[in-house]
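The following pair of complexes shares a single chain, chain A, combined with chain B in the former and chain C in the latter.
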Partner chain A sequence: MLPKLVMRQAPSKAMVYLSPVLALVLTLVASIVLFLIMGVSPAAAWHAFFLEPISTIYGLTELVVKATPLVLIGVALALGFRAGVWNIGAEGQLILGGIFGGTTALFFYEKTGFHIIPLILIMGIIGGMLWAAIVAFLKTRFNANEILTSLMLSYVADLLMNLLIHGPLKDPDGFNFPESRLFSDSALLPILYEGTRLHIGAIIALLVVGIGWILLSRTLLGYQIKVIGDAPAAGEHAGFSPTKIIWITLLISGGAAGLAGAIEVSGPIGQIVPVISPGYGFAAIIVAYVGRLHPVGVLFSALILALSYLGGETAQIKLNLPLAVTGVFQGLLLFFLLASDVLIHYRLKFTQQATL
Partner chain B sequence: MDILIAAILTIITAATPLLFAALGELITEKSGVLNLGVEGMMIMGAIIGFLTVNQTGSVTLAILASMLAGILTATVFGILVLVFHASQVPTGLALTIFGLGLSALIGQSMIGVAYEGIPKLAIPVISSIPILGDILFNQDILVYLSIFMVFVVYWFVNSSRPGLILRAVGDSHDAAHAMGYSVIKIRFLAILFGGAMAGIGGGYLSLAYSPLWVEGMTAGRGWIALALVVFASWKVGRVFMGAYLFGGITILQLHAQAIGIGIPPQVMSMLPYLATIIVLVLISSDRTKIKLNAPASLGKPFHESR
Partner chain C sequence: MIKKTLSIIAFAASLTATGIASAETKVGFVYVGPIGDHGWSYQHNQGRLAVEKELGVKTTYVESVKEGADAERVIRKLAADGNDIIFTTSFGYMNPTNKVAKKFPNVKFEHATGYKRGKNVSTYSGRFYEGRTLLGTIAGKMTKTNTIGYVASFPIPEVIRGINATIIAARKVNPDVKIKVVWVSTWFDPGKEGDAAKALIDQGADIIMQHTDSPAPLQVAEKRGVWAFGQASDMKAFAPKAHLTAIIDDWAPYYVERVKAAMDGTWESKDTWDGFKTGMVVMAPLSEDIPEDVRKMVKEQEKMIIDGTLHSFQGPIKNQKGEIVVKEGETMSDKDLAGMNWYVEGVDGTIPK
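So, the complex of A and B:
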């Protein structure tokens, strides 16, 4: 008896939401195999990876700190993916946001004022938008594939950061160390819970989820995004401009990634360092998919991906496991999700092999 | 003169991994499948090849292992896309994320391990021709293989019957299916070939180009290879030209520094990525040309209706 895939009459609504759960379960099962191969007890590794990090208040706040950039970028990427605009260079846009926001923070070094933090965040958004605007321009004007250009620009952004942090942004009293000055208190995001790193970025992320939700379900733009993504021909027939949608979705995702970058440097990091993100821009792609390209779903999936970072760090400290486990875990999750998604459009049919 | 020869030699070594990966992806795309996981397949080839040469000391085994690593990684992609009907773009991205993670995990024990690099194979007599001998006939086995593969792939695509079927599948999977060809099987083979070539390309990086293991050492070459296929308008000869053009740009940074031009190294390192963007822009702005040359079914899913 071999299971056969049979196309459903209509896509299964239930499977749309069950698929991420199934994928998560499969990832957890696969991680047992992974841990066994690495010669650690799966029970101990599971504990260190998935439970220990969130067993304390501090751990939970750290989870939110890591989920914040993932939510910001994930919501925005989901909008673009819905429209069929593949911005996969959010990592580069995040870096530009870090450079712009961080430079603003350094500009106001040892100054005070309540205008400083809003300026840092706005400059971060502008930085990310500028980087994404290059992609949008090349796509709409020259038809250049946005997957490749946005990704190439991520490598360029990384090198640009490296150049600046070894040059003008370097701490003048830092013994030539490639790090900026520590930001003044007035340029650091306010802490929400004393004794932790939980900052107001978490509230901004929640706001973005709300805005994204309203935009997608209650506005003409959201409708246009969905139509252009699902049926480009119908969208054009209705007079929706694909060029406009490409520009808007790229500017939104670039701006959100830039905001995340500014939040990282003025929040948990507190200065500019050569590497300001452990790949949040790429992980946010997974976040968007696991979250079903829906802002609220993104909120949940961002917590899962944040746990993969946090768990990776804990497992490294407690069990001496390499940090790379995080990447494997994230890749597996996306694999299993994509495989599980087959059940949205198809169902399994167990048929007796016909005998001739 | 010596500087010129050195420059040409480095162009060849920089072009070879791109050539392997792009030739493989060309075949995959000719079948109508867009595999964005080239970077992931390359990096798996790089680590497995390096690991193998370290454990066994055998260059042949290491190259085969690189190839096998690429094939296995491509298998995952093939199963997801062809059996599970997953969309090709996110699956390719997943392959890259997974490959980068898994290679970093496997490579933990290989960081800082030294290897002298695969030996040069001087072809007797003709390698002693001044200048040309050194450039053309004193290379390692993989450089020869990459050039050989250009001819093989060219012949396969343009002059062989299976190549014709491959193109038919890529241009119209429904028509090919109606003619009785197994679209799924042909696409799977094309994906596996792409994986094998990307794996060898990755292996070349860790075995010959800079014989050591560094996390993420492919540094975007898989993506550049993808861009090369577009740049080449899916034509084999142009893939070869493109790979060598990019090889030239990649090594500019090394030699500019050696000569002492005062440009920061980071800016020089940006060149290959910026060149990729420029090349994409130049080639893509002619929409009709892209439309004429790209496999018509590229990226579209296929489901047997009967």
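So, the complex of A and C:
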């Protein structure tokens, strides 16, 4: 008896919405075992993971700060993934955005003006777009696999950042440590709630969710993206240009990642440092898929992933749980989310023989 | 609702504001790596355990905290949770630590390896270069190929100081020796560190040194039959034959002293840069494979560094072009050492810019 996945005729509407809840419940149940092995009360552990981090206003704002880059990149990546364009290198595009935006901020060191912040953000978008444009060019001109080129360019971006931060971007009064000057106040994103780190990037992220939604559901471009992704041959037959879609989706996702990079350096970090992202560009791929490649879904999945990072810190602080437990816990959550997702669209059928 | 939460925050803040430090003193630690790295973060965690054992206070740590936007949140969380003194143990935590310190004036902060201090922010680091001087002496005496291989992390003054101290000491006992450096751009990545060690051995190095945190370079040295030194902790267990000795970062005495000061109210912001003298830097036992006269010489040097008759950066010191930078009879100031960004004579290659 071998199990086999058979596509359902139509996914159950109720389950599409219930599956995240189901996944959460399954994660909670499975984690009982995990926490009991570690000698911690599951109730205390759940509290540390899910409630404690957002039990204060400050905690809530931190959740939003952490989720902001994930939302920005996740929404844009989802557009590309819908079209079958696999940009795996958002991390590199984010770094370029940080370099471009951060350099702009340093250019206006000790200067004032309301044009500085828009310029930083625009330069960030341009930096990310340029990095993604290389991928688009290689893909459309030489048919180079964008998964490989975009991923490899992430490593190039990382080394480029190292080169610059140990060289021209280094703080002249910083004893040769690889950090830039702290940006002037005029180059720091306005704070939305005094005393916290909640910055206008959160509003920009929400706008991006709205724009992404409208683009996908209400515009011709969105329709083209979906058709090219689902049925490339039909798309071409209808006269849609795959080359155009590759360029547009890569520029959008690169620009969004670059914007996220500029927002990180001029927001919560406030200077250029060698590592400006703990892997947001890669985490956003997970966010996009857990969010079912839907802008609103991405918003929620980014919040869930951000909460699990914050929860991991709280679990270490409150319960002395090692970081590895957080990793296992996050893994369980993702596993159940994706597994229940698969089972919405497919069902298990037991057959006598494996059909190849 | 907001009002209520705010009043709770205010109440919590007033509790920490009273600053009653006693047996209920809480101490927080932030580590850049996993406590199982057997190097940098491992040694800081040993210091934490010593504080718990000797003072019976409650400690909390968070490991593998990234040096970007995440650091500030973690440090702030520890402060808001009522920790009375918080140790942030990586250079990249400097600005986040100072930012949080301004918002929590009654919490004391201790930042390792940085240079920014405040009313409630102290800095501390070890003079690890003193240990490098001894390693350089041993390496200079024991190398057959006159090539020392150096696995380096990032071209910051701390690392460059270590490379320079090594070659200065090595050249005193063996004028022909040179150092080859491979930069791996990471503090902890056993794969990369091991590969770098292999490349260095292939280029003729018969002694491997490292300024990264994992024991991987030692394990490679053990396999390839060359000598090596441990980093931050005694790493003999990972390479019983190759391991000649190690520079050990011993944070325990400092951590105990500072937490005690916080408890009895004598804590003040200051900068500490200690070496052999106070025991912040100590040597692991010297391997029997080091010739006896060399062992004697090294012990003698250690004594001289402690009583001040020997300094790792005594003139004459030449740069790579052969120009004298530090004159005979002079020693480099702490300020110059803190910002060191040039190689001395005998180092192969250039500092990545």
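Just so it is clear, the second predicted complex is superposed on the first by the 282 of 356 C-alpha atoms of A that agree within 3 Å, B and C clash if a C-alpha of one lies under 4 Å from a C-alpha of the other, contacts with A are read in each partner's own complex, and residues count from 1 in each chain.
Rule of thumb we're sticking to: a residue touches a chain if its C-beta (ideal position, glycine included) is under 8 Å from a C-beta of that chain, and two chains touch if they have at least 3 such contacts.
Predicted, not measured: the structure shown is a model, and the values here were computed from it.
By the touch criterion defined above, A:F142 reaches chain B but does not reach chain C.
Within the superposed three-chain model, A:L303 lies out of touch with both chain B and chain C [touch as defined at top]. In the superposition on chain A, A:F335 makes contact with chain B only, not with chain C.
In the superposition on chain A, contact of A:N162 is made with both chain B and chain C. By the touch criterion defined above, A:I200 reaches neither chain B nor chain C. In the superposed model, A:E264 makes contact with chain C only, not with chain B.
In the superposition on chain A, no contact is made by A:L319 with either chain B or chain C. Looking at the shared chain after the overlay, A:L28 reaches neither chain B nor chain C.
Counting contacts by the rule stated earlier, residues 159, 162-163, 166-167, 322 of chain A appear in both its interface with chain B and its interface with chain C.
Against chain A, the residues of chain B that register as touching in their complex are 36, 76, 80, 84-87, 89-91, 93-95, 97-102, 104-105, 108, 215, 219-220, 223, 226-227, 230, 264, 266-267, 269-270, 273-274, 276-277, 280-281, 284-285, 287, 290, 303.
Taken together, the chain C residues at the contact with chain A in this complex read 2, 5-6, 9, 28, 34-35, 60-70, 72-74, 76-78, 80-81, 91-92, 94-95, 103, 115, 154-157, 185, 338-341, 352-353. Note for the complex: chain A touches chain C at residues 56-58, 62, 65-66, 159, 162-163, 166-167, 175-179, 182, 195, 197, 264, 267-271, 273-278, 309-310, 313-314, 316-317, 320, 322-323.
Those residues of chain A whose C-beta lies close enough to touch chain B in the complex are 5, 7, 38, 86, 88, 138, 141-145, 147-149, 151-153, 155-156, 159-160, 162-163, 166-167, 282, 285-286, 289, 322, 324-332, 334-335, 338-339, 341-342, 345-346.
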